[in-house]
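Let me begin by presenting the structure, written as structure tokens, before commenting on it.
To keep things simple, chains are lettered A, B, C and D as they appear, and every chain counts its residues starting from 1.
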Amino acid sequence: MRRAMLFKSNKWWLIPAFLLAVALPFFVGAYRLQIFIFVITYSLLALAFQLTMRVGLPRFDVAAWWGVGAYTSGMLMLKANMSFWLTLPISVLVSVVLGFAVFSVSVRRGMMVFMMFGMVFALALQQVFGSVKFFGGWGGTPQLPPVTIGSYVLNDKMWIYYLGMALLIFNLGVYQLLYKSRIGRAWSAIGSGLRLASSLGVNVVGYRLANVLVGNAFLALAGSFSVVYQAMIIPTTYGFQQSIYVMMYVVIGGLGFAMAGPIVGALVLTLISESMRAAQQYQPIVTGVITVLIIMFAPWGLLGVLRSRVVSVLQRLLSSRAALPDIPSSLGSPASVTAEEPGKDA
Amino acid sequence: MRLGKRRLGTLVLGVLFLALIAGLVACGGEKSTESTTGTTQSSGGAGATGTSAAGGSGSADEPVLRVGALLSLDSIQGVEMKKWLQLFAKLYNDAGGWKIGETTYRVEPMFYDVGMWDATKSRSAVEKAVLQDKVKYLVCNWGDIPAETLSVTEPNKVLWLGLDFVDDSVKPTLNYAVRAQGLFFAQGLFYYICQDYIKQGAKSVLVVCPDTQQGHVGAQLVGATATTAGMQVLDPIFFSADTADFSPIATKIASQKPDAVFFSYVAGASLINAIGALKDTGWKGFILPGELDGETLNNLVAKVGKEYVEGMETGSYDPRPVEKDPQTLNYIDAYQQQYGDWHSEGCFWIGPWFIFEDAINATQSTDVDTLVAYLTSSKKGVRTLTGYSQLFARPDLQNYKTVDSAPGHYIGVVRDGKFEYLETIACKDQYLSSIKVYGLKDVYQKYWDEYGYPEFPDQPARLDFSDL
Amino acid sequence: MLLQVKDLWVHYGRAEALKGVSIDVPEGSIVTLLGANGAGKTTTLRTISGVKRATSGEIWFEGSRIDSLPPHEIVRRGIAQVPEGRQLFLSLTVKQNLLMGAFLLKKKSEFMHKVEEMTEHFPNLKERLGNRASDLSGGEQQMVAVARALMSNPRVLLMDEPSLGLSPIMVKEVAEIIKSVNSMGVTVVLVEQNARMALRLADTAYVLEVGRVVLSDRAGALAQDERVKAAYLGGRC
Amino acid sequence: MTLQLFLQILVNGLMIGAIYALVASGFTLILGVLQVFNFAQGQFYMLGAFATYAVASVLGAPYVVAILAALAAMALLGILVYFSIIKWTLRYGFFHTMLATVAFGTIVGQAAVLKFGYSTAVVAAVVDKTLALGGVSLNSGKLLVLAGALVVMGLLYWFMRTKIGVAMQACAENREVACLQGINAGKVFWVTMAVGCALCGVAGALVVPVLSASTNMGQLIFLKAIIVVLVGGTGSMAGALLAAFLVGIVESFAFQYVESFAPLVIFALVAILIYFRPGGLLGKPLPIPGQ
């Protein structure tokens, strides 16, 4: 019965995907497993980005809040000898409280100010991490103590990978619950148009703030998670460039796919970047060209193209209608000629 | 129109999936080698090198010596070091290989980009090198984060010959790390220049550094050196590393009225702009540029005129005008033949290669433990592109193995817009002036009493043990 | 027929806004479109002007099809629109607003001539030319909006709710303006909520309901129609 | 602080403020009219500087010619970018065009690194005199930057009052109504791209004799432009001009006291402004999508 439901709900591919994810450590070596651990981290970042995109707010401070999580966990472990597991809720708390202070200034001022203010904040925060002696300066913190479970030291790649996987699944689960709830419906309303949402009586600022803070909580978790496999924390890791990459993950994966898009994007770009490790000077160019091509010819990302292919094949087979997911329209230009028909103006 | 777009979309998707597969292959391309080396390692025990094809498939190929380098290919130094390593490998391979003991190896340099002080990139680079490609020697690292890299190299018994700016890599707990391009024992350079400037009448000095890790370390060291040499040191100025407009900095410098301004870790465009801005404020005095290569000097002269920089002294990383050592000249010739033009940015930082080469030639072995044993009881200086580099112990950190180096350096002076060779800083002076600057005489005296005084290459030196 | 709309279908996303609207506009006439909010009146005008694309259907103007032309080309052919709520460029001066209306005129002398013509037509505007549009009253803004649309020498003027938000006195004035514009030989397509005024002015009228034309007749006849009376003329003055 | 030092710092702030003003007004112009968040703005600045270097130092042409060449080259490049990338992504909306400019900026930035290396391109000072006015040393190169920037701003002011300039403002204010007036939006767009990018090119050209050109100079100026636009109000040209000088001067003074913590001072300034004056310094900004 349940199985039938799953197949019916078009989510059958979740089962092989999950099994593949679980079985992965048995097939790949330590280095490649580490790459997948990075993919998990980047997926967590991209998911937070995608979350705020749902309410029409692109954010460029993703890496900064990731850093907040990492620094909170790392500092507490270093300076207060706290157990890693105890630092997790604290880093979430710090990220949310600090986020509330910052975002209550910027969220009410609309998308453009939110976005730009985020950039300036990220810049300032990196300066704090780098220049304030307490955080260890630009050279980073001293070496962090290892993460332990009881007396067991968590340094086996496989268990780190499973921890990350659990975190990712937890993240996906929470987002799924939120998307399906009343809050999620309000978010979708905001995403498909502010005027519509306000006219429906949705408190736009409040729901947006909640959305951004949920993202912050998971970014902090991602930051704490990176402490598990990282020997130290260094401010340059959490720079502006990383936030831009996060945006690329989301678009390349597929903007319309709330869950799978960020993960696919992170996977693809990380692997491409990793495969060019010896020719790194060409990597930005390759990534840039791929992004431009995707935006111009596959604006719904890899998954969008994949689905439209699958759908068109299915259509031919079943001759039934299926549609592409919509991009949140508040990110589109306001109804205007040129935005709709740019080819016809010049 | 619509159909065409769709087709293009599919095309892009196809290309991307191809790229993805290529990526997967590249990430996992060493799988066969991995298993081969794996067996070699378990059966042979020592597992010296990635004897790629020879052991496993039994083909007649000559064995390969893989030398890894974690380099920031975002930076000129990283790119230049990559070029040098490729050149060294080529020189060996063209000569039929590197004969070590009974075996002749083909040298294969392996490069891993680490970004610039980026923890995640350092981590994935070192894991690819160590866990995937089974590289046994990481020589000449630039831009990696030693604490991050060493946490992978140490347990896997990989020789790490790099540099770092804090003392992460010279802790006594580490067994396979040697800071082959250290800056701890590099105070001779500033000490010499301070003495020269004092002779010319400089009394107070202001240190100006970028707000980075090296900047802060540099400010501390340069400040200490200047104090030791007898100058009054004003509060250092730190500026944001990506500053383009140096006018506010120059204004602040000028408002403190120092006799001399020392730039530490300020190079290239920053240095030119900083000195240009200083000139604009009307300040006149002694300048010590952090780093100065020929191109930068030419640009600087074009910008501020030669009068303003007349008599400026600095450490040189460019061996061409000063070095008469035939081996070095050969390398420079080979470089110019290979690449057509000349860049000196990598010359200094490539030092670890020579220490590595010396260790292998001296021990005639590729075994990491043998090499480490040789390196950590090093007795003599090794010739690098920029002069002698010598490994010393760090008794102040309770590390009695020779794991930290005094790099080779020259001083040059700017005369009539040209860079002229002034003198070579002796290894002995690098070592002794550093101990003097840090005030570590007592600690080292105890060490010397127990282990004996180190020997130095035969160079004229300004200092002796009695001067401390 | 000067302007002809044939079986027009328009979508916003997946929602249908127009479902086969056909309208005939004879030369020199005033045609009005009536209907409740969301009936598709504004969409019809936007589609004629080219700022919204039709999914299917045709628009013919002076014997040529214009439904695939960009909006500036449609303006060049002689169809100008006074958008709903006037929508002046508030950060610009009145004169600059008129300049925008005359964007397609190449010569400056031509523009100056048109400005003079307009100030004759709307004497109130004369001393307001240098003011910012945001400083004007609602009625004055409406005048500028009409003048702006007339700057391009249009054959057809599309007017979207010109009486919206104006006082009763101003509404009367607007009606006068429409009449005088029409008497200059400009064909007018008028979208109005104020059905009483519209029917008084118009020659022909169309009633739209949820994207379809449900009634069309001479204006005089429609004004007597019981259904129209009940739905549109009932509570209104 | 002596008066002399105060004036000196003020002059420094004005000089860098003038450069910010040019870059930020180009940025805010493109943002307002095209509704494109141009991430590549800094790269145009960098390319402008290198173009000047190429014409003045390599080809040996007079500096004024080099400035004009940089202006023309960047305007052309802007048009090229519009027709090759932006025009095709406009239909997908704000986010896609933004990412397109990110990608373009990344490609150009890295290509410049590969081409020019990490070296510095120096253009010799055009006039090399330091004027000392009552103890304040005014470098004539800096005055030239300031004067040049003021001239360009004057030209910009004039241009915004021509027919196409007014059309740009009209498009920024209400694109649909502008189209209803017969304004060809496509033409306005490429003209805007040309002007916005040319402003960056001129900024790069003006700054080269004082600051030299390096391939990484774009990223920072872009972030500074963001700060300026935030302070001045998104989409407001006059606000951007005013804010540029304000930010320049504040930065200059902040450095004197807190050195590398100056970004925090700027951040605090931005936060306070946004909190109390959401429209920026000059009040009401132009409408921007997705508010």
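In this section, a residue touches a chain if its C-beta (ideal position, glycine included) is under 8 Å from a C-beta of that chain, and two chains touch if they have at least 3 such contacts.
A quick note: this is a predicted structure, and the numbers were derived from the prediction, not measured.
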Q: Using the contact definition stated above, find the chains touching both chain A and chain C.
A: D
Q | A-B against B-D, pair bridged by the larger set of C-beta contacts | A | A-B
Q: Report the chain whose mean Cα position is at the greatest distance from that of chain B.
A: C
Q) How many angstrom lie between the CA centroids of chain B and chain C, rounded to a whole number? A) 75
Q: Provide the C-alpha centroid distance between chain B and chain D, rounded to the nearest whole angstrom.
A: 38
Q: Using mean C-alpha positions as chain centres, tell me how far chain C is from chain D in Å, no decimals.
A: 41
Q: Could you tell me which residues belong to chain B and also touch two or more other chains?
A: 79, 211, 238, 240
(Q) If I count partner chains per residue in chain D, which residues reach a count of at least 2? (A) 176, 179, 184-186, 260, 263
**Q.** Residues of chain C engaged with two or more neighbouring chains
**A.** 50-51, 70-72
Q.
For a test of understanding, state which residues of chain C touch chain D in their complex under the given definition.
A. 49-51, 70-72, 75-76, 80-81, 83, 87, 89-92, 96, 99-101, 103-104, 148, 152
(Q) Considering only the defined contacts, which chain A positions touch chain D in the complex? (A) 53, 56, 58, 105-106, 108-113, 115-117, 119-121, 123-124, 127-128, 131, 194, 240, 244, 247-248, 251, 255, 281-282, 284-285, 287-289, 291-292, 295-296, 299, 327, 329-346
Q: Sort out for me which residues of chain D touch chain B in the complex.
A: 5, 8-9, 12-13, 15-16, 19, 117-120, 122, 124-125, 128, 130, 132, 137, 139, 141-142, 210-214, 216-217, 219-221, 251-252, 255-256, 259-260, 262-263
Q | Interfacial residue positions of chain D with respect to chain A in the complex | A | 31, 35, 37, 39, 83, 85, 87-96, 98-100, 102-104, 106-107, 109-111, 113-114, 175-176, 179, 184-187, 189-190, 223, 226-227, 229-230, 234, 260-261, 263-264, 266-267, 270-271, 274-275, 278, 288-291
Q: Would you mind writing out the residues of chain A in touch with chain B in their complex?
A: 28-32, 34-35, 38, 41, 127, 130-131, 137-140, 142-143, 226, 229-234, 236-237, 268, 271-272, 274-278, 280-281, 283, 290, 293-294, 297-298, 302, 305-306, 308-309
